[in-house]
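The same chain A turns up in both complexes below, where it pairs with chain B and then with chain C.
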Partner chain A sequence: MKAVGARLPRYDGLAHITGRTQYVDDVRIHGTLWTKALRSPHHHAAVRSIDTSRAEALPGVHAVVTAQDVPRNVYGHLEALGVPADEPLLAEGDVRWKGQVIAAVAAESEEIALAAVDAIDVEFEEREAVFDIRRAADPDAPTFHQWGPVYPHFGPHNHRRVRKGDVDRAFDEADVIVEGVYRPQAIEHVPMETQVALAVPEASGRLTIYSCTQAMYFSMGVVAAHLQWPLSKLKFVGGTVGGGFGGKVDTATETICALLAIKSRRPVKWRFTREEEFLVSSTRAPWHIELRDAVTTDGWILGRRTLTLHDAGAYARFSPYGVTKHAFHHTGAYTIPNVRFDGFVVFTNRVPTTAMRGFGVTSVSLAVELHLSRVADVLGMDPLELRLKNANRVGDTTGNRVVLHDPSTVAVTLAAAEAAGHEVGEEYRSMTSDRRTGDLLPEHLVEQQAPEGAHMATFDPTLTNGGGH
Partner chain B sequence: MRLTVNGVEHDVLSPPLATLLHVLREELAITSPKAGCLQGGCGACTVLVDGEPRRACLTPIAAIDGASVSTVEGLGAPDDLSVVQAAFHAHYAAQCGFCTSGFMMAAQALVDSDGQASREEVIAALSGHICRCTGYVKIIDAVTAAVNGDVRTAETDIDMGPRDEETITLVPGSPA
Partner chain C sequence: MAKHRGRGFSTIEYPTGMNQNGDPTQAWIKLKPDGSVDVFAGTVDIGQGSKTVHTQIVADALGVPYASVTMDNSNTDSSSICTGTFASRGTFIGGNAVRLAAEKVRERILDIAAKELEISPDDLEIADGEVLAKGAPERRISVGDVAAAATWSYGELISGHGTALKPLAEVDDDDGSVTIEPHSAISYAACVIDVEVDDETGETTVLRMLQVYDVGRAINPTLVEGQIEGGAMMGLGLGLLENSYPYYPSVEHRGEQFGSYLAPSLEDFPVIENVILENPSVDGPFGAKAIGEMANNAQPPAIAAAIHDAVGVWVTEMPATPERVLRALEEKERREPRREGKRVIFDEEISVAAVSTNGGEAYWGVHG
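== the complex of A and B ==
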């Protein structure tokens, strides 16, 4: 236990402060070509024709790729987990968000690459776009995705569901019903190092790919699937990331670099400009979260109804996983015995969204905590006392039927109260996480309480579907 | 055109309007200055030109013909850290490391100027630099220590003493 509490030198610290750390953009390979992408100028349009012949004829252009150059164009990040794919690497047929890549070129300089992109002729037929998740689910909203307005693959359902207890009864018996709508907005990760990759054809026939990915084996799998190559033909070099924050799990540049390197037989680098990073790299999802709590005047939460809409942007990427995180965290660190959760992944004509720092958890936690303060306000109760009363205790069961053995809500809330100089009543100050008894075990919490030593309450798959991600 | 970089003279072959960042990275393979935004907004490309911190991404090479340029590569090696490097190491001021070179060169200019600066002056001197890992408090701690000659050596740091409470004290007005 020498390391706990000690100041350990960072294993990569000396390299960082002596300029010796080699990020992808610092790798020097003679003859490396620059990449630029032709991106959709429209939020939603049909692509009527693509003509790359003028670009290909430009001196200094070594390769141009479009959808027809990709052995397997449509592949999903979660496909290895059984989640069907919807996103093409290079657009085919339709473009569904402003910035979607239609073609990419590799040329001897950045200037030539830009000129080549300008020389690609594309005919578009612009279509109506939708940007608001509430609007996207309306019956008269424009449709653009082959699966309709929502991601449909959650087992037998078209959305993620949690059902526990008797919610209707909880709302019938409530003294007050408190409603709130919370809408955390999109956030761009803005890593200091923009998305970048370098693909180098080796004499052995393999490709070496220098990558800024946060998820090396994920990215290897994605590249191999698109290329229809065995993993043994790919060598990934990475692990040095100039900031990611979740935005570098998407395999943004590696595959297109690989295609261009194979076609040109030259090393190919693609580094996003700062403008591209802001405009077209994936963001944290915007959400629409509605919470309705059935509460008693003395501060017990009998039940909760939750609707969350996760803005996937134009393609699913990791969004089904994000909404599943909502399903697990929509009661926060509090015990609510009767819950009904419906979470939808909604498609809009926005840049596809992805993970960022606590994927899905931060957004629903923001909503839960704001809502608890709203409940306290409505009841005229101290907001921390409300939290302490409903906080998870040993033996409580979450909305997903996980039995809690070591919950920390009470201790953390009391520590936060003390740190903030927020006084709570004596009966709250003496609270612990111990198993509920007496006044802390009112009738509505008896049934949810697991027997001593139980690990998981009976799991009923008809109530909580477990399919999909 | 000629440049002296970290004490070594170079004939520069890039065209006159090429940026200093391009010359350093692409012609001379000196890669500690980073291409963070290429529009002067982030500070990751900062180097010293005749002792002054400059945005290498906005500096045409023709404007500094004959100048002396300093980058992190010229500060010190792992077994012979400069004051600024030792301070960054001791205070854990590098996280992902991508902005670090720029911060360090701005700090070096401050150390070279008059050897003393208040915490507020350090914050002002670093205000043009972005750390998206948001490690500002540690960076400000490191630079304040470096400027005021209050740097533990790397050896002391590796000694793993108990954590200094002051290093995690938030300072009013800090951008963190």
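== the complex of A and C ==
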């Protein structure tokens, strides 16, 4: 029997639904200490002093860590991709969002840990905060990030840009220009399993970290970078996660557990409360997208002008990656010959935003698709006919010059129309994703078509260097 | 005061693998002396079912029963690198890694079987755990006997490893162009949503979602449907219910409990119809592309378009809460687009130009 294509039950499904799967929170190690964090009560403040001596003196407290205990405190999630580091593991000098971790304690019980957090003395000097990305780069707006109001490292630019064709000419030649603003919101990941880790010092001198991460090697790299340890001294145990949706790429608890375990020489566990999961774990980013489409009365999209603002929260995390991905997909499933896109990563004093299902694209899909529904309405055209007409075809080139070799925009759209009983005209019913010819290759799209047979590198078999032995 | 029905559409695309690539997954496989197959890969199963899908891929790439394959993704000592479970990369990239490892193992099985059967490995195939001579299936040896021979006679651990890696696609910072594909594949979907809007309360109910997904190849159709339906509910949350900052950009009044944060639940579940199209990718495992992330992207714009179809107002700030729908209905005339020459300008009040103190010079003033 072939396994591929079969409706096999989940490999681990029975264990999940009968409660027999071992998640991080189910691991029991003798002598484990509890962790609690001291978090910023302010959206933006200078930290004038931190005094942990009262907390350290409490009976049952085994370790307290602040920025000074971290071998390399600053970290950047995308350093491997050339994005500089900007975020401290433990706040140093200032706090930039309400809930930012300033210190953490490991104690014999949750109650003692909470009491110890209360016993840490911090002097703050509150500062003005910024929350509206539309105003964050205004001359009179408060700034707090060392890079200024927006992420400045897209090569020589402070924004991700896409430029193709002659947008001004497209707007001159258009019959109608439709302009709209789209604001997809922040949401929570809401996993059943909150952020959790357990760090166990081994007799060998290694550290075993039980983790709910979605990416064991990535998170191991994060911990190794903060500790300045080689990977040989770390072992991550995980692989089974109680819901992630992107939020568990953040490595929220592992590094602080590791620091406390090293300092206390005891196993240390940190499990976010549900309130922490909602309020201080990262969210999907809010976005602000302005689209202007230059269209003809018969429904061709000649050009698009896009301004995107991405609300990063207080630090960069994965935001530059998300905006680049967003830029690459800002024409959606359609071929638009003239585009000008500017996308900014804007810093605000809210919880840093992060990856979430559809990262960078969920936002632009909302904007593009809702905008097309509006364009169809303005033109008095069927919304699916507008989409089918402009849908990308084999050989078409995208805004960032990708040559498409197997688009199925036409196929999925026609299948949806048929299943829903939505009538489209005969000329649309017979459309396919084949290379454009005739009426589907108007003058403005001729240059968008790559030569027959031209295609870009797909999966490179020379890199699939699996050795037998 | 009445309830109005409306229909909205969307068509979307979504890439497989990390944007710009450069994200390897590696896997390795060994055989136990009885022919049991042990797969080691670091791909985290976040509930989407990657362990199941990878096991299916290995079973068929080797030609052995699904039940003889064990998947271990439990730790970084025994598993090789997987960049992570994100970017809809588990089936395509993780799946290719285990497939390539399985193909190496298959070669070793055939080599040893060839010695035992005294037939060239080119003339052998593997099916259902048996190595068979092509055209003469009575000449056969089980994979278990091959593994035993390797262990006890030839002194070999049958093993193999595989890496799936597409090189980094550099992006031109001036114009955004790339010279190699910045993804592994692209999946496509279309969505039709029917809603009912109550013009007295502003409440929108999704009655029906019809969704078509091209996933290349459904390795496990049940799991694909699980992604589609789970994603549909997240999309419904995005479209109608969820908001970390109910008064965004204000940070006040955040929900901190299940009771004060509106995630969709079973009572919100509409009629969901799924159509799976299979337009195989040229280089995914068995033609697969991806389904994971895209499954919550198509619904919000289709819901908002359906609301317009029902009551004639555009809600473009998400989610389309009763309050927002009611406000849009109340301000319907004022919110009609401004027409200036051939420009049709919607949503001016919430634009950067209107809210910024200097017209958004820092953003709109970009040159070049």
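One rule holds for everything that comes next: the second predicted complex is superposed on the first by the 450 of 469 C-alpha atoms of A that agree within 3 Å, B and C clash if a C-alpha of one lies under 4 Å from a C-alpha of the other, contacts with A are read in each partner's own complex, and residues count from 1 in each chain.
Methods note: a residue touches a chain if its C-beta (ideal position, glycine included) is under 8 Å from a C-beta of that chain, and two chains touch if they have at least 3 such contacts.
These figures come from a predicted structure and were not determined experimentally.
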item	value
Touching partner for A:190 - first (chain B), second (chain C), both, neither	both
First, second, both or neither for A:23, with chain B first and chain C second	first
Superposition-derived comparison: chain B or chain C, residues of chain A touched	C
Contacts of A:10 with chain B and chain C, given as first, second, both or neither	both
Contacts of A:274 with chain B and chain C, given as first, second, both or neither	both
First, second, both or neither for A:241, with chain B first and chain C second	both
Touched partner set for A:400, first chain B, second chain C, both or neither	second
Set of chain A residues, in rising order, touched by both chain B and chain C	2, 5-10, 12, 190, 241-245, 274
Touching residues on chain A, where the partner in the complex is chain B	2, 5-10, 12-23, 25-26, 28, 189-194, 241-245, 271, 273-274
Complex contacts: residues of chain B adjacent to chain A	25, 29-32, 34-39, 41-42, 44, 71-73, 75-78, 81, 85, 88-89, 92, 94, 96-101, 104, 130-133, 154, 157-158, 160-163
